[in-house]
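Two complexes come next, and they have one chain in common, chain A, joined by chain B in the first and chain C in the second.
Entry: the complex of A and B
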């Protein structure tokens, strides 16, 4: 089969999974940032400094595993990207850290409570621009983001020519305000703000949200799956009390999801930690338009029971299983998962992101098990 | 029936707790009695967490209110008398996540355990040293990363090598820790949340 034919077959498989149609074979995709370079003997310093390396080593990993595709394509420097996500400084291997150690988010109270007002007064983009020098050299940041913009079409082309599908290939970037602010304030301080100065926080959130929604609505049309992460790391149900979650998390997610769906983008709810408490709320989102992308901590049986007829799941092989388990454990996990979903609405994928110390034999077992048990038709 | 201060604590009403502590002290109430009321509030918070009424953010807020009140009261000579026992806690080598560990420490202190908090990125030798120095019969290790499993295992091995394993119970916790991990590490127990840490300490230190 030609690579283009393979691409089409895999694309159909993933599309069908999203639509909750029966597939011939449960699709399996790769997701991991530090595992790919580690597996290929590339130092973390090289992976972090060279935007081309991160793309090449991810593609090499996808080819070596010969999966159907990838959650995120990679490419570009990861540390500026994480800075933009959490408004935090990062320790970079080879600069601030030993060359082959993992990059480190240096979470600290960089944003002050006065900055909430500054966001309201200046607007989000202007504030963000003025804030950047506190966490990264703005020139470095600009160059990194520029590289991504410029090279994304080439990266997408390369995956397609090799026959692989990128699930999250939409040309936009959004995040709920909670995540930005929580990173900038540091988690502990931010959580206290939610109790002590809720109105101030909410006013800033609303300004950020309005700009995000406008950006989503302006997203250019594009061909692929058009997935995009609507991530939740520190906004997980397990971390945030219901009355706060209902006010500071969920309304923003719903609004972003609806805006994305209205322009034909597939929201991928990349949710770490345990969201079981609020799974029932997923019934409020448009059916067959979103993907839940959990990390192994959310209860999938509950998910199936509550929204199994409305939403697909991409995940959720736990990081601890990939790092500390055996290939037999991985096999058993995949088998259970396939049985639970019965061939519908499942895209097998490492939960969150395969950790740096994933045992290669576990990653290989994951793919082999997916192929063995995933045959449906 | 819990009194007003304990209830204000349990309801996470920071201003009210501060006001009641201040008024109590001004009115000549024994700081130790006030401290015990705060602890009572922390016990209620633990119960609400267990029944699913409270979540982690509530524990973070509770910890903050308790820490401030306890510091103020200690400065006025408040104490709860003899503690229920000693616990050494820390986040293991290579790991700097401390939010969960801090909650565990605060809840243990709230329940009147004497906790030696070694902070984050704690190498095995430092755990051993603290266990020796304090004579604590319980060691708690926190780890949120998959790469934290090995330092946990090394620490248990170091306890063994130091001849301390027999008299020290080891509990581990933190996001990715599972029964599989407990076995790998060789710990005595795994605690899924801060309440579990308090329960384990209670079980081991009562014996």
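Entry: the complex of A and C
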């Protein structure tokens, strides 16, 4: 079979999973930023500093595993990308940390309470530009993002020519305002803000949200799966009190999801930590248009029971299982997942991110188990 | 090898408690190790710890807590193999659901653990506010605890301390509860109670 025919077969398989149709084989995709360089003997410094190396080693990993595709394609420098998602400084391997150490998001107060007003007065984009020097060299950031914009078409083409599908192929990420602000303020300060100055926080959130919605609606057309991350980690149900979650988290998720769906983009709810309490709310989102992408903490039986007829799930092999379990443990986990979903609405994938210390034999067992148990028709 | 998990929201006094417990363990002749999220951030002086015959290990989160739990298990295994401590004190991220750890520990493959003790530290000055905004996280930490410790009794009023005690007991009436002013040091008798 040609690589183009393989691509089409894999593309159809993933699209069917999103549409909750019966598949011939449960699709399996790779996700794991730091595992790829570690597996290929590349230092984290090289991976973090050289955008081309980052792309090449991710593609090499996907080829070596021969999965159906990849959650995120990789390519570009990960630390500026994380800075943009977290509004935080990062410890970078080879600069602030040993060359083969994992990067580290620094939990520290960088944004001030006055910055909420600044966001309202300046607008989100202008504020973000003025904020950047506090967390990263703006020139470095600009060059990194420029590389991504310039090279994304080449990266997407390379995956396609090799026969592999990129699920999140939209040239951006979307974050709810809660996550940006929590990262910039630090968790401790941000939750105090929610208690003491909720109106000020909400005013800033609304400005961020309005600009993001406008950007979504102006998204240029593009092909492929058309997936995009809608991230959530500290806005998880396991952390945030329901009253606040209903005010500061869920309405923003709904609005972003509806905007994305309205322009034909598939929201991939990349949600870390446990969201079980609020799974029922997923019934409010458009059916067969979104993917839940949890990390192993959210109760999938509950998910299947509540929204299994409305939404696909991409995940959720736990990081700790990949790092510390055995191939037998991985086989058992994959077998259970496949049995639960019965061939519909499941895309097997490491939950969140295969960690740096993933055992290669566990990653290989994950793919082998997916192929063995995932045969449906 | 005993495992002592010390949880509590950021700023509740966990690090002070951990250092006090580590010193107490060392003075009682036990080989102890500490696992923290980020050494630089919380100000543990690694050299000082080594002088005390303690080993301090740092977890790298990458960006989020799923990676952290994976690192915890492999770090525990490495500690067990290379250092064979009698006691490992773990400070999990204050920014994550502590149940993440329980889900990860079954994958630990070192010497069987002699026991796991979970201490949750509560800041009486902020507990009402934290229960208002982070109720699921704070409640889970209290509910899972084997021992509850209300800290900062030197800074909080007696009413605030009593309210924190009442709130904690309502969620977890079975766990022993102590009150302490960590800034003035940990009483030897209380340290003995807290250490496994």
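Everything that follows uses one rule, which is that the second predicted complex is superposed on the first by the 376 of 377 C-alpha atoms of A that agree within 3 Å, B and C clash if a C-alpha of one lies under 4 Å from a C-alpha of the other, contacts with A are read in each partner's own complex, and residues count from 1 in each chain.
Quick note on the criterion: a residue touches a chain if its C-beta (ideal position, glycine included) is under 8 Å from a C-beta of that chain, and two chains touch if they have at least 3 such contacts.
No experiment lies behind these values; they were computed from the predicted model shown.
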Is the arrangement of chain B and chain C around the shared chain A a clash or a fit after superposition? clash
Partner chain(s) touched by A:34 [first = chain B, second = chain C, both, neither]: second
In the superposed arrangement, does chain B or chain C reach more residues of chain A? C
Give one of first, second, both or neither to describe whether A:351 is in contact with chain B, with chain C, with both, or with none. second
Is A:108 in contact with chain B, with chain C, with both, or with neither (first, second, both, neither)? second
Is A:194 in contact with chain B, with chain C, with both, or with neither (first, second, both, neither)? both
Check whether A:310 is in contact with chain B, with chain C, with both or with neither, and answer first, second, both or neither. neither
Using the superposition on chain A described above, determine whether A:233 touches chain B (first), chain C (second), both, or neither. second
After overlaying the two complexes on chain A, where does the chain B footprint on chain A coincide with the chain C footprint? 102, 104, 187-188, 191-192, 194-195, 237-242, 244, 273, 297, 318-325, 329, 355-357
Interfacial residue positions of chain A with respect to chain B in the complex: 102, 104, 187-188, 191-192, 194-196, 237-242, 244, 273, 297, 318-325, 329, 355-357
Using the touch rule from the top, collect the residues of chain A that touch chain C in their complex. 33-34, 82, 85-86, 101-108, 186-188, 191-192, 194-195, 233-234, 236-242, 244, 272-274, 277, 295-297, 318-325, 329, 351-353, 355-358
What part of chain C is in contact with chain A in the complex they form? 9-11, 38, 41, 60-67, 69-74, 77, 94-97, 99-100, 103-104, 107-109, 129-137, 140
Per the touch rule, the chain B residues reaching chain A in their complex are 12, 14, 54-58, 60-61, 64, 96, 99, 102, 145-147, 149, 175-178, 180-181, 184
